[in-house]
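First subunit A sits with subunit B, and in the next complex the same chain sits with subunit C.
Moving on, here comes the complex of A and B:
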């Protein structure tokens, strides 16, 4: 335990530099294509938002610590030092001006994972004490209360009670040996209770057993957003411990982008071993259920609608076909956005940006990219599969006076569910 | 009939007087799209960043250059690769833009008319046209093994090369002899460079080569009026400077000694290095691993097959495609091997130093708790 400092920040960044990072920095040809891929650059046209520039402190540390020329330059006093001013200047680029959407990594002609390096850089910024206060607060709540929005178990229980009273469905907590363990994001508990009801109805129709863990109902991971692996590990371990002690086969990640990345991709690396259970996104589960004939839908949405691909789910998660198959079952007038799928543009609020109050103005500026995409389509409804995208989109649309409702795909599927009595 | 011919000629003349910028505008490509193309092309050619501007100015004002394309002992695979269109891109439009006055696969005219078109183009742009050749040239028995319109390839090349500003040898056959020159070489096939001695020649080898490399070379020619920088085998350095191995995404497995031993084993499924299955990536210079094929979809190694080394001279006779390279091949002598060994030693020492530097950083780093996040201001 020591106070945050520049030295600590440098050491943490140094520890993050591995062979891939070294090869990325050596192979960058400064072509600038990543700038055009980044919505913070395209909407502000400020070159400081060029993705590769966001990792400039990390590049300097790599050069000074790990290259012969860099060491020589440092010895001759030719290299720019990394100091308080550097951390201060770059803090807003690394946290406020990046949603970790990963579009730059895909656009790089040399295959350099720039957004991965920004994620790694955050480790150093957090250690140096240069993380946004709101993210620190959220992380504190996640560690101490168990949820970044401060949601406690009684709130979840209250929601379950409402749900049981309204629909007559039964939701179990900590049911040993259930097949599925369902995770929720705070936002779904607080803002979108429809999600839980949709799950309950779909699971009953599919005839599957499922449960919610009292110690790990929260799917989000503030440790990943702020960039502190030590804390991210503690948070993800809650889910792993609960899932393994309940003996579930599959953990279902909710409609939340970074939660999915955290539990599915980063989790096993954080705890250093493979899970004893599978992790799937709710869209994968719905697609499996419909393919296996476990659930059927009826009726079609007639409104002209489009689907916003959440970055963590489509670009980083590879879940591109599933939502389309599902949408085509329940919507007759589904149109694709330009750049849909793996190259879709971020909602502008991912990677901790939406939780960071001071980034609001920048976020709304970056939202113009989504606005342009939507203006081209003139849709009545916008469908997505991430609670954070949903909230960001709703705010952006409202700010721009656009009257387009935003709907979660899981709920839309549940709305069209054929519900029949099954012998239990 | 004669009226038709006249209007066709008129149209041809109109097209010839159009600049590239006008041509793009007509095809619905925005100024912005064009500038983006120039920047990415500048990057692909490894030109300094400021050259994008230069290229944009030169290309925008460029008039249609005359290009004559001669196909000799070849399979048309190169033409296929180069004309492959994914979507109407500026790369394709460059091909539409150049005045391809003679290409016997692509042109509409045939027979007498076709040959006349070529002679006309050669006479009109004497000393200025770009000559593109695919296929090798048979020389045995006076070159009788491949003739077009009754004339041998040998004869046709000599005549066309005389008035060319530069010659581009497309494909491994034209660049290094390729398949026709492979043992037992019944036709006495030779590459373009064996016959044309007094003109700048650029080789774009590959069986087939990547379309973008071709576009890059043409864009460079239009911008600067000369061919790009080339290596000792006459290939543009920007695209052939690195080996497939150095740019391979499976390189990390090679470095860790993790190899697929068969096409259906665990290693193959895990995407390990294909070196032991005969991959020629370490001795092959090309841009497949970075530019990839089919609009950046994939390249052979990514699809699970070792590199055949198709852009290197004599690749057909370099032993089995499926036999592992035993020693570093290619343009290396013993001295280079020794120098290499020293280099490896130095590199390993530097790497070891960095490793200890890095592990010190990892070990020295303390665990962070929530209390450690707030800075006192």
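Moving on, here comes the complex of A and C:
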């Protein structure tokens, strides 16, 4: 990244203003529905967290640069300037007070993609040097080491050894021509190594060949979170290069929300061409395997449980039915949260918020929305499919004195696989 | 005298124990890696298993330590510190209320977390420390079964 400056930030935001953005600003009727859709507003009742307000610097630049009235106001000195103070004031709104969950975009009666505009605004804030230090550090590590948490290949190899010795399962690295290339998030490698074992057990039963790429095991893309497309492109390119070099048919995105958005939706646009392979989320794969009879489960969880839809997977990714079909195969007392599926409420830690330590207090305030939803249900277990959601939920539950275990859906499915004789 | 020499025998022997015995064995596995965590609350968790009282408080304490020790999304991971997280998870497994274990063996669960704690130490190198912990656990169980 070259040296940041306010001028650069303004130029970057200006460059993000395309026809859709211009039409969004032109059509906003100030109805306020986006406010009611945002957990940072509903849980703080502070109007500054109204989603459309978070893109106010971008709106000012659009008005001043691209509208007659705005140009006139500028000429008469009536426009509010975009300066250091503007970037400083809005930085916490754009990064700390938004998880890029996209609920505001879905709630907008005019279809304005407000969340998308916040994502675009981050490009300017990062270029101006107004981004959270923790996200800057994560992005630097992603560029230099290949992982935002600094996870290196020996760590993955150590986990593979651990897995192979404990279970007898085999995990290959860089297997040419494997059907699937499995990505992991550093959160899973660091905190939930059970995910890798679950994958190994599922793949063995499904009879599929799979591998992990030594040069691209990491799924997370901090370039997307901080809002630097050039860096996001480099990170996506590592995955694309590895997948195409190994000749895999499908890349499996792990239980990580934004990683899925980055590699599935933003990736081809970032590299400027379609992939030569498919990208699927692990829940899509599990659903396909069960439908095809490739994996069979036995026994049912009897605990009253519910499912937290990760925003990037459900609302932005459209993966809503698959987890429910899977849960209904392994749980006898599955109940839905209010607003489940595409209109779910965020865990409060997505979009880089949980990686941003200074946002901790605000995140816990916003978690009250999830607490309210869970209080209504009185469940014994909470299931989800995103490692970041999982930890955010665990922290929020602990903070609120709620003793509810949080479980990853892939692990839950693996726990119910019909046991086969080793080597069969 | 029965000697545990592989994981198949290890798991069978653990499954044959009562829940109370499984917790006791789990606490011994945790004790063996306790030095990898700098959190003194975990010793109290292990002590609670030995005494057999107030497991609920011990569980809350272990869960709190585990949450405090996890690697935050996007933060720079330190595998030596991360070993402490897995020790806390092992301690949590040892005292987990029955309603949460859903029939799963707490000793096996704790054993896996302890091995993971040891694996963390090898995460920055190609050194294989895994067998050390596995062998130690086999011996701990053998000793428990043959007092």
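In this section, the second predicted complex is superposed on the first by the 418 of 424 C-alpha atoms of A that agree within 3 Å, B and C clash if a C-alpha of one lies under 4 Å from a C-alpha of the other, contacts with A are read in each partner's own complex, and residues count from 1 in each chain.
Heads up, the rule we're going with is that contacts are C-beta pairs under 8 Å (C-beta built on N, C-alpha and C of every residue); 3 or more make two chains touch, one makes a residue touch a chain.
All values derive from a computational prediction rather than experimental measurement.
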Subunit A as common anchor, with subunit B and subunit C clashing or fitting: fit
Which of subunit B and subunit C A:11 touches, first, second, both or neither: first
Which of subunit B and subunit C A:268 touches, first, second, both or neither: neither
Which of subunit B and subunit C A:186 touches, first, second, both or neither: second
Touching partner for A:126 - first (subunit B), second (subunit C), both, neither: first
Subunit C, subunit A and subunit B - angle at the middle CA centre, rounded to the nearest 10 degrees: 140
Touching partner for A:341 - first (subunit B), second (subunit C), both, neither: neither
Gap in Å between nearest CA atoms once subunit C and subunit B share a frame through chain A: 15
In the complex, subunit A residues that touch subunit C: 134-135, 137-138, 141, 148-152, 154-155, 157-159, 161-162, 165-166, 186-187, 190-191, 193, 222, 225, 301-303, 349, 352, 354-357, 380, 387-388, 391, 394-395, 398, 403, 405
Of subunit B, residues touching subunit A in the complex: 36, 39-40, 42-44, 46, 49, 249, 252, 290-291, 350, 354, 357-358, 361-362, 364-376
In the complex, subunit A residues that touch subunit B: 1-4, 11-12, 14-15, 17-20, 29-33, 36, 65-66, 68, 109-111, 126-131, 136, 139-140, 143-144, 226, 228, 230-231
Complex contacts: residues of subunit C adjacent to subunit A: 7, 60, 63-64, 67, 70-77, 79, 82, 85, 99-100, 102, 112, 115-116, 119-120, 122-126, 128, 130-131, 134
